[in-house]
Amino acid sequence: MSTDAVVEIKKLNLIFPAPDAPVHALSDIDLKLDAGDFVSFIGPSGCGKTTLMRVIADLETPTDGHISVNGLSPEEARKNRAYGYVFQAPALYPWRTVQKNIMLPLEIMGLSKQEQRERAEKNLALVNLEGFEKKFPWQLSGGMQQRVSIARALAVEPDLLLMDEPFGALDEITRDHLNEQLLKLWNQTQKTVVFVTHSIPEAVFLSSKIVVMSPRPGKIIDIIDSGLPRDRTLDIRETPEFLEISHRVREGLRSGHSYDD
Amino acid sequence: MSTDAVVEIKKLNLIFPAPDAPVHALSDIDLKLDAGDFVSFIGPSGCGKTTLMRVIADLETPTDGHISVNGLSPEEARKNRAYGYVFQAPALYPWRTVQKNIMLPLEIMGLSKQEQRERAEKNLALVNLEGFEKKFPWQLSGGMQQRVSIARALAVEPDLLLMDEPFGALDEITRDHLNEQLLKLWNQTQKTVVFVTHSIPEAVFLSSKIVVMSPRPGKIIDIIDSGLPRDRTLDIRETPEFLEISHRVREGLRSGHSYDD
Amino acid sequence: ADKLTLQLKWVTQAQFAGYYVAKDKGFYKDADLEVTIKPGGPDVAPSQVIAGGGADVVIDWMPAALATREKGVPLVNISQVFAKSGMMLTCRKDMGVKTANDFKGKTLGVWFFGNEYPFLSWMDTLGFSTSGSNPDITVLKQGFNVDPILQKQAACVSTMTYNEYWQVLDAGLTPEELTVFKYEEQGVATLEDGLYVMEDSLKDDAMVDKLSRFVAASLKGWEYAVANPDEAADIVLENDATGAQTEKHQRRMMREIAKLVGTNKVGRLDEAAYQRTVDILMSGKSDVVIAKKPEGAYTQMIWERAQN
Amino acid sequence: MTDQQTGTKPSHWGRLYNGQILPVVTVILAIIVIWYAGAVYMNSERLIDGYERSKTDWEFSDLVEDSWSMERPILPAPQQIIEELDNTIIDKKITSKRSLVFHAWITLSSTLLGFAFGTLLGIVLAVGIVHVKTLDRSLMPWVIASQTIPILAIAPMIIVVLGHLGLTGLVPKAIISMYLCFFPITIGMVKGLRSPDILQLDLMKTYSASNNDVFWKLRIPASIPYLFTSLKVAVAISLVGAIVAELPTGAVQGLGARLLAGSYYGQTIQIWSALVVASVLGMVLVWAVGIAEKLTLRRMGGQS
Amino acid sequence: MAGRYDPVLIIFMGFSLVSFWFPVGHDGNDSVTWWFDIRAGALVAASVLIAGIQLYFRVTNLTFALFVTLALILGVMAPLLAIDTLRTDGYEAIGLWIYVAGLGFLAWRAMAMLSKAAEFNRLISFAVPALFGLWLLYLWQVVTTGFGVPSVLLPSPGQIGDAIAANGETLYADFYQTVIKSVLSGFVFGCGSGFLVAILVDRIPFMQRGLLPLGSLVSAVPIVGIAPIMVMWFGFDWESKAAVIVVMTFFPMLINTLAGLQATGKIEKDLMRSYAAGYWQTLFFVRLPNALPFIFNALKINSTLAMIGAIVAEFFGTPIVGMGFRISTEVGRMNVDIVWATIAVAAVVGSVFYGLLALFEKRLTFWHASYRRAR
């Protein structure tokens, strides 16, 4: 196993058993993610992106195949607190205020109260939610809840960041802003980011590697290594390289899709 | 009051009381939606789109101001089953299968079993979920749940359709597909659709009227009547009219936004 | 002072006046004893309490004591305070019970908890069946009070001469409207309140001495109570922690109790009465209380030592 | 409620209607009326029987009057109970054996101790069952079986055995009360501790949180609605337990002893007044738990 | 159990080995050790040996689980032999009791291994509680006979078993009277009325504020107080017992149903509102399903309360049949074995009742988080 592979997956399959019809969610997945990669999963709804992410996070056990995270089993990696995870749904605890929700993982990691508060403050500012510290989740709009959940994962400051459609519920401008912030963070800290999105421009703009998937059974149909510089601004979206990659992603998506129109 | 105004709102305000700091979610809203309009609300996260929609649906009571739906109070309109609502979250009942979830409003309306089953089948096919009738919500991916919730609202076949970010969790291709289906439906049946989205192209592509909002306090800053023909295809997205409207929406959004970058 | 615990069979009432008097008047203290009196209640089985080590001496009825003895807990009667039985069956004339033959087809209230044996034995002698699919008599396990007869749910209920009978009268029925059958008069009486200890305590000389002093002091209390019924009733009232008893009832009870205690050789077990009790308990047709003739179930030695 | 009309102007009547006082008063009034009628109905049989035996002429008004003033009624009239309560609560010194306040205090103290023990035991068992699979499989059926043992049957033995171990007075009664009241708490807490949904648990897993953290930061908060519901039931049951436990201890002091003594001497009014005091005590306890619930939920950001 | 040596087994082996050094009883003349009977010594040695083998291999599959269970079965027989032939109370038998304490650890380990195996095997999943129960009965047997506890205080399981065998007919008649007549009807009426009043209270908020405080009033009425009154009102037979059960079960159902009805989330209710669903539709389609976990809690609590209620109510006057009657009279007759036989019947009936409810619950609330366990 190569030393700097953060995630290495070989011939992995996952079948959800069901009395009526078992769902073959992941089929023969082979994938290697290196340290410092920014990887996007893209693919039609229900193709297994979330499931694959959950396998990496040791929240789902593959039916067969091999997977290692940081050279360890996913379980050991999880126990080492190797990653931070932004779920597709906000998953905030309704009995905690916004601030307390963000402090939850920090409490568990045993940081000092002071440190917890500082990090919560910093990350709330990052997602532009200053002033909402004392609100409870049900007092927030859908997009605001999603941003709290992003702030919560960032506050952990993990080396591996798993993000499942984090910006799905956000408007274009907020989204651009957060895209830039995330890119800056990635660039500065050399984190590895695994990202799910439905937006092709977003995927291309952010990623160093794009994984295109097709559904039922969930398969990887293309892996694109982006040649764009690590250090990008939003303007890059107008360049031909960018458009070319976008095109390749779109083609991949279309070929794997079940709508034949 | 004009006869064919489906929704008429005058000087409407809504303040969420809170012990720490009350939130002025809607401020002096004036709006008139005509029968057959396809209206999109667009605006930054937390600006009050959902709240405005909930006011129309009589799920939230305004603090002051006037509102009528179909010439009636929102409550009367609701009791007449004037609308169908797709919530921002899927809101499926975990003890019902996909099919039963779609049949729920039909049961309440007292349709025959036969009719219920037919409509469920038709709308499941529309959102491309044939074969998942017997699954429970927790066995579906996020996007699939969202599509079930869309199918559920469509099955009601209401004259007024309220949709809160219905396609947020869907990939581009599925989204385009559903955009077209929705447009076809709208065009054929003369429904009135109120729609929330964060995607400017989507808003411009679908709408006959675009309402741009700004946050804290939630205000309408621009109302754009689109001159595009009712009868559109995806190609329209390349036309200069389209780009012009998009530009105007983006400008409106930017001006109302709190990120000053 | 030597410590000693006495477990009563029932709640604090004049039925146990002798012991309260002995305690209150200092008779126990004079005998160098420190006696704790534990009141009982409807689900306190004194024999069980003594088997579990909860008391040194208990007051129980002989059927229960003999049954316990046969079950391997060797209880011994050291003094029989009540010479006569106070149990009776009280019936309503207006429900058609004038003689014992009228029982047939009626509903009768009976106390169970080991107190039903004399009744069953009596019915046996009368030739009435009480169980089976079509019994001559419907038996009711009656609760703690006499409501069934007041509400005409039963034609007869069990009463004690000193207690429940008066409650029937208090409720408005008159003696003329009632027929009473005293077990004592029907020849089916079994011995009631007596003092019992574990056989082991009789092997220890110090304990024997202590018990004799206790019996002597208790009997002195009884004599005093019988002689001064009103004062005794007042003493009982003072010791009633529930505060539920009334003076009228306790004074009346004390007078009736006095009739059961007997006049000569107070506290000495009458062997003939013992024999009769054993015979009744062994004669049961349906189910016998005791199968073997008990050996060593009583001793007169303590009573005798208490006399000097 | 789905269709609650909001935004009506608050009038005096509206405020009364929506307040606590008027509804309670209305219901109490209704109960009192039914009660008086019931007293006539229930007591009449015995009274008529009495009239006939003594051959007195009677009219309905006599019957009504007499049925509200019998000495040993089947159902005493409210004012008789109030008179008795006045007698035993207001007129007696609270240290007197004849004061119901004294007896209520005795019962209350074992109730509270038993409730505390029961809550502790109930939660500890639930925690064990939720966390240790072996306990879930082995213990749960026996916890259930334990509850099917009629406590009154074994209470005397418990008292004897505990007495042997030197435990007398308050503690044995509290233990019996605990025996009855831990069960609803165990049942409710097992359900409650298992109520966090998978996503909420997964979040904890991603933090590789210790069982301890999952317990305190997720399972406990999620179980709060179940906990308080159980506590309300349990506190009522623990009072019943404390009263039951007073019987085999020799029925010396406490409301249970009063009930029993009253029952034994056919003193209906005395039974009823003890019952009323016990019920009011129960109500106050349940109400107190309810207040604690409200405060807790408010602190947890309860959605109105 | 992965990795390290299993401390539980080590404790068992330690206790067992120590027990060889102490007397296990008195044969009339002398204190003797396990070797008073070669079979007893061999059984103890065998159990230690098996534990040692398991300790060495550290495998946790079903085969080894059964293997450890075998050690337990062999192990428990030695104390039985000793108690049969020796005097074993007090310090004279200290070795015996040390060994029995050690067996507790072995039993724990056997159950833990079996419950792990039970995930894949339904039969085994029944074996675990059974084993636990048998272990409790065994302890009870060994302690009561070993220490010579008088049967009027606590009979041994053996004696109770004999009593059950000898009194089958009576026990059945009692069961019929108490369970079939009183408990079932009282349970149905009590839970039913609690449920209906909860709906009423929920429907009419005026009632909620008026009735609810009074509902707890009913709940706090102690059985000992109402039982005699119910007997007065409803007569001696099962009707009065059913009435007591109704009063007892009413409140838990009321409270739980109300709490359950509050458990529906905002958005779920909003959805129904958007359909202009009426009160009853919202109730049936959303609020009741959400309330089911709470309602089942109440049913479970009530199933045991109903048994207790019926039995206790029978203390206050009954026809001469019924489980409560049996218990209260046989205590007075010092037939404590029959008392416990009746209690055993009550426990079995109550557990079966409860088990059926749990089964139903699983059927109806399969979607609740408590059943959709993450691994």
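In this document, chain identifiers A, B, C, D and E correspond to the written order of the chains, with residue numbering beginning at 1 in each.
In the analysis below, contacts are C-beta pairs under 8 Å (C-beta built on N, C-alpha and C of every residue); 3 or more make two chains touch, one makes a residue touch a chain.
Computed from a predicted structure; not experimentally measured.
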* Which chains does chain C share as contact partners with chain E? -> D
* Comparison of B-E and C-D by number of C-beta pairs in contact, larger one -> C-D
* Structure fact -> CA centroids of chain C and chain D: separation to the nearest Å works out as 36
* **Distance between the centres, which are taken as Cα means, of chain C and chain B, whole angstrom** => 85
* Asked: Where the centres are mean C-alpha positions, what is the separation of chain A from chain B, in Å?
  -> 27
* Asked: Taking each chain's centre as the mean position of its Cα atoms, how many Å separate chain D from chain E?
  -> 23
* Asked: Residue numbers in chain B touching 2 or more other chains?
  -> 89, 138
* Structure fact -> Listed in rising order, chain C residues that touch 2 or more other chains are 42-43, 45, 48, 52, 143-145, 147, 151
* To do: Could you check chain E for residues that touch two or more other chains and list them?
  => 153, 228, 232, 266, 272-273, 277, 315-316, 328, 331, 368, 372, 374
* Mind pulling up the chain D residues that touch chain E in the complex? -> 1-3, 17-20, 23-24, 26-28, 31, 42, 74, 133-134, 136-142, 144-154, 156-157, 160, 180, 183-184, 187-188, 191, 194-198, 201-202, 205, 225-226, 228-230, 232-233, 236-237, 239-240, 243-244, 247, 255-256, 259-260, 263, 271, 274-275, 278-283, 285-287, 303
* **For the chain B and chain A complex, residues of the former touching the latter** => 16, 18, 20-21, 23, 42-46, 49-51, 88-89, 128, 131, 134-135, 139-144, 146-147, 165, 168-175, 177, 198-200, 250, 253-254, 257-259, 261
* Structure fact -> chain C residues touching chain E in their complex are 42-43, 45, 47-48, 51-52, 64, 67-68, 71-73, 112-116, 131, 138-145, 147-148, 151, 153, 289
* **List of chain A residues in touch with chain D within their complex** => 54, 57-59, 78-81, 83-85, 87, 89, 91, 93-97, 104-105, 107-109, 136, 138, 156
* Structure fact -> Within their complex, chain E touches chain B through residues 267-268, 270-277, 281, 285-286, 289, 365-368, 372
